[in-house]
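The same chain A turns up in both complexes below, where it pairs with chain B and then with chain C.
Then we have the complex of A and B:
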């Protein structure tokens, strides 16, 4: 019922995704950004812009969760946070140290900067709030929004988790894999993916000291990893100039592509567009996992070598951080058109933001619940359950859940007479035959036996699916709230 | 006297018998009287007199009847031996202890205890001195007969005194030195023998206990001989030499055989199929992508050349180690999770055991506890993935581990939990429908209390009101029908 309702309400969604289609003989990857900017409306056209910041080195960037605010961090210490749509500068400082990575925290009021030695947290006005010395030599950072955890990967091989709501270090894991350069998160289950120089990608959770999964992905080192929003696909690029697409849930390699020069950065958008950067060329591919891709969807040459790529959350915009500053290009069809107003609303006011922050803090998830399967909490703990059952059986001397052995009552006449018993036995034997799919006849040929239909009936109240073999008109659900008839077939 | 011929002889015989009887009764009575005497003074005097008399008789016996004298001496010897063995007169008995308590206050008790001790001293005196005192007082010490140093004749009880006593120390030194040298020579010879034997043993890897024993036997014999030589000079024996001898005897032990490495051909063969599939997954058909724009080459003069050489080499060899390392890693993980074979053998218990001895192979095979193989790992089918088999114990604290009452299987329970009920995942209408309460009332309506009929309508319980005394059997029938 809930699914039906959701499907119905999909029609009421206000926005639609964008797209780019070329003319008959035109290739979409040859269309330049200027042409696109000229073709769209003014507001969208202003979303294509360049920031020339050649003084302070290659720029790292981060978009906030709502997609409204942009944080720029130059290698030589320049930090700026700006509302990029209205071009309003929120703050601009120079921290006088080399910067390795910048990241927004849960709102646009605070951000974290991984500086040369330690981790610093600043206010959106540029005021230094905290200097966290425990987090030293941080190379990469990822923020897990629903857990309020800042995961940092350091030069010394340590993966540390910081709870930004409480201000405590939740876990410090010594990965023993050397310098942790490549990091990304799986948004659906908050598992951190790290890429290593021996071609492996490891998956980490703060509750375990060993990696949850270790996958061998590339012949050489792994250069970049990206996981899509639903947590189904992972795209990796390596030193062997290959780009591989994996299914994260079954760990199978779906597709493998060869790029002439390899990809140094990867980014996946909300609608499944992949952006890959090689040197100063940025290519965008559409739908890398379902069908093999021959050529890019779009391409763009930046002013200098690109070192960071980010898709803006609810906009069709890709941000490129390069050696000469920052460029924002238009990629039609990249962003999710309909946002969830209660989760991340790009048009929220300050008051709404405060209310949302409080509610989000109340719904904060504890770090020990992070695991590969996010629905594991709803499952019965089978290990303990079986152990308890065994203990109970031992204590009682018999198994209370086991069905009692059927002891037939032998009577001379009446229901259990010889004839009736025989008839009943024949019935049971026939049921077994009916359930078989194939039987082998005496002379070796296979013949199909007609199978009685299985009915799957869904009860609305308790969501129990009953499987029935016999045909009849109606039955009651065990919860006694529904009468299940033929029309409740699932 | 027999046969008695006449009356006279019979009368003589009778008179003799009478006299004998009378004497017998007299002596018996006397003995009885004397036995009863408890006077200490009397006994003291009596004993002294007896001793004096004994000595006089002994002297006479020595002169006239040496055999009898010898018997007396034997008796004395026996008494002495008994005293030395039992230590009876040493104030340790009950009588002496009771006397000791009184000795503090009573002179006579003290004297009695002292007398007992004197008795002990007398009895345990050395006979030689006594003999000397008794027999050869006048002879000069130079011309002592040989039998002085010899053990007294007839004492078979002391085997240690059988051998010849040592002569004077000045003369014996040289002899002992010679003896030592010879002992050492024998020892060194034995050592050399043993070393040779050791070397032989180490050369031959297989060693049997019999051989060891055979080799040890001659060594032991020689050792014994040397021991015997040295034994005579018990006081001159060097303790170190003795220890050396002992060590030699014990040092002949079998060496442990080195373990040969097993051939690893099987392992290599096993690895190959796995390696192939992993390589396959890595080198899967890579679709080349046509890129319209080529990246601008980095303008560095030397770097291009270096790239060509070192970069190529690196690229060429980059992948070789990666696969093998990963497989090694996976194998290590699998081995770590596999439960190891527990060896429960105890040495001894039906065969020889000792330091440096291993139990036999069959025994070890019998006692090797084989644990059940672990359940199959989740990453068995995936050669390029290592999945951690660890359980998230912190998550299990929040999970359900007992089934609530109406559910009979965990899949049932999980299916009820699977669909979310909140506003985040469902539309408002869906949420309201899902969380609808059983009873919905309108605000302000009057709710009447329940009547009895309503209460009983659906329930199949005994209708208490309808039970009357004369219709009990009727109601009983009803009951059985209902249930």
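Then we have the complex of A and C:
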């Protein structure tokens, strides 16, 4: 239904996705960012920029859900929020502690910072709102926007979920896997993927203490994991310098690539471009899952080794956090061209944001509903139904839903009218009803009646054969039990 | 090199002036809207909760009668007019939109037993304990005129019920027999008896207008054709039916309310078994009325509640009660399908909303859409345990709550005993009788 409707509205979508095509014998990966920035319009050209922040790097980064706001967190305590398109600084603070990860919460007014010891929440003016002492030594964070959950992975091997709408810890799972520094979420079902040093990737939901799935993906440790928007494909890179693509629905390996330097971090864009950082070189690949890729779509060398990559939602922009600061590069065809105004609107006003927040909070999905298949809620639970029905039958002593027994009516009057004949024929089409007729008619002993159904089954079979081979000259069926009329054969 | 990068003009997405409404571009791509089912479920849960929060069905009480309200009649052409007759013989005409009494007539000595508005809406008939049938003008008499009935028929026996034909000047009364009267004559044109000494109510079929049904004191429901000399057929049940109501849309169905706390919907053509047994009341059911859409009906009971049943459900979807409402004698569903009127022992007529959480008044189109969407969501997810629990929960007065519990315990005990008897007797000698079959004694033609 939703797909049908989407197809109908497809015609009305105003924007078209970006693209980059080289001239003849020109590789797109050789085109430099400066060339692209010069070729496109001025507004888009300004989206290629460098922030030189050599003091406090390397930098972690996060784009807000609408793609308007950028959050930067330097390892040595520097936090900055920027409205990156207008280059307006919202706040800049130094927390005077080491920072492991930064993450926007549901709106651009609040963000979480994983610091040396605890997890802190700041607002967009840089004012500390909360220090959450239940969450210690956090290395990585993911925010699940529809559940209002902040999932954190810690140095001590704990995966914890914080409900940011009520401020309660929802679940704390001891993964027993050691230090957790590789984490990503599946945006289509809110399952958390963790990568481990023994080469496995585990999938977690807050309602279960054990992993939903354990997959052995690499020989040696997993360095980075990314899942695409539809929740179909997972891309992992490992210490064995391989880049692998998995189908998360069947957990099968689709493609495996060897990268000479190995990818330290990965990111997938809304339209399925894959960015991989190998040292200070950032490569962007296209269609990694459908066919084996020979060469990258784009490449860019950053000033220092990249430690975080992230595509900006609804923009053709890739953000790179590295040791010398932050670089924003243009990747044509990365972002979804048409956003949904009621879901995440980059141009929303403060009033619209407030209204959206209320509606989103009303629709907050409970953490128990996180499972591998999010559509399971809409399916019929046949097992429980059958169990319940059995219990009910046992309690009552009879089946209340049983079909009523067929009691044939033997009307003598008006039997031969065309309508009645037709109705009667349809009535005896069912084999058990036919049996009933025979028993009630009583034109044989019990023994004979018992033999009847077999003969009739045979008759039906013969009848089909008769019709099939067009042998209408037969007036008897092959088992010699029943006369067939010619009109029945036709 | 050919390159295109996403570059949106903000003017296309931001309103021009503050007087405009905000632009909201939509993209219905399912991948941009994940967790479709989970979010809908959450919405449905919220809608169900809000539905219960806003369930305030009671609108107003019309007081003015000086004795219990015994019968009511809907006006056939005016939505805002209601007539009610009380146990002291008074008839009152009410304006529902202004919630005031327009007229008071001392119509009978003793009870007003039945009342019906003529199909044209210009006059109405009443019968009372004083053995008279009176026809009254709907309009109030002019200044100085005495309040006189248009016509008075003095009968031999007490009349207990009254019904008027849909199109012709013919009406039916019941008492010791069912009589068919012509408005122009002072004696009945036809009388039906079938070995019964008293009838409690009579009703014309709204579609097959010559057909009637009546409830008799020998626990039977009898069907008649006005054109024939003898009754058509009757079904005898285990206990007496108080009154019945025809379904206005599928007029071969009628629902009778019984002394055994249940209501029975019958198909007129197959009386040997009711189509559905409606249970939930904990005392005798006294009156029933269908909604004009024929989808639901409302029943009034001696247990001081009124209940709303979907026509094809065994249990009620709604129960209305107040602290002060006593035994409900009569109930009507308004012709615009939005209100319910109940008349009870403690002299009040109460006006209720038919759907408890509906917002009254003019709705903006967006409000209407939102309400429709919420209703659809509630329906879609109604079988989910959490939603069902919230949607079905009703607060009941303590007495009714405990009596319902007691009745259930009794029913369970009976069922258990029957099951034990069956398992210890010869197979087939104790047949399984469904609830529908239990209450019908016989059908006579």
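By definition in this document, the second predicted complex is superposed on the first by the 385 of 490 C-alpha atoms of A that agree within 3 Å, B and C clash if a C-alpha of one lies under 4 Å from a C-alpha of the other, contacts with A are read in each partner's own complex, and residues count from 1 in each chain.
Throughout what follows, contacts are C-beta pairs under 8 Å (C-beta built on N, C-alpha and C of every residue); 3 or more make two chains touch, one makes a residue touch a chain.
Predicted model, so just to flag it, every value in this text is computed and none were measured.
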Touched partner set for A:110, first chain B, second chain C, both or neither: neither
Touching partner for A:17 - first (chain B), second (chain C), both, neither: second
Contacts of A:208 with chain B and chain C, given as first, second, both or neither: first
Touched partner set for A:188, first chain B, second chain C, both or neither: second
First, second, both or neither for A:342, with chain B first and chain C second: both
Partner chain in contact with A:220 - chain B first, chain C second, else both or neither: first
First, second, both or neither for A:330, with chain B first and chain C second: second
Chain B versus chain C as contact partner of A:278, first or second or both or neither: first
Partner chain in contact with A:396 - chain B first, chain C second, else both or neither: second
Those residues of chain A which chain B touches in one complex and chain C touches in the other: 2, 5-6, 9, 342-343, 369, 375-378
Complex contacts: residues of chain A adjacent to chain B: 1-2, 5-6, 8-9, 27, 29-30, 198-200, 205, 207-208, 210-221, 239-240, 242-243, 251-253, 255-261, 278-281, 283, 285, 292-296, 299, 301, 305, 342-343, 368-369, 371, 375-385, 388, 401, 462-465, 478-479
Chain C residues touching chain A - in the complex, by the definition given at the top: 1-8, 10, 12-14, 22-39, 41-43, 46, 415, 418-419, 422-423, 432
Chain A residues touching chain C - in the complex, by the definition given at the top: 2-3, 5-6, 9, 13-23, 26, 31, 35-36, 39-41, 43-44, 47, 146, 187-190, 229-231, 314-316, 330, 332, 335-343, 345-349, 352, 362-366, 369, 374-378, 396-398
Complex contact set, residues of chain B against chain A: 278, 281-296, 298, 315, 318-319, 321-323, 325-326, 329, 379, 382, 384-388, 390-392, 394-396, 398-403, 406, 408, 410, 412-420, 423-427, 429-430, 433-434
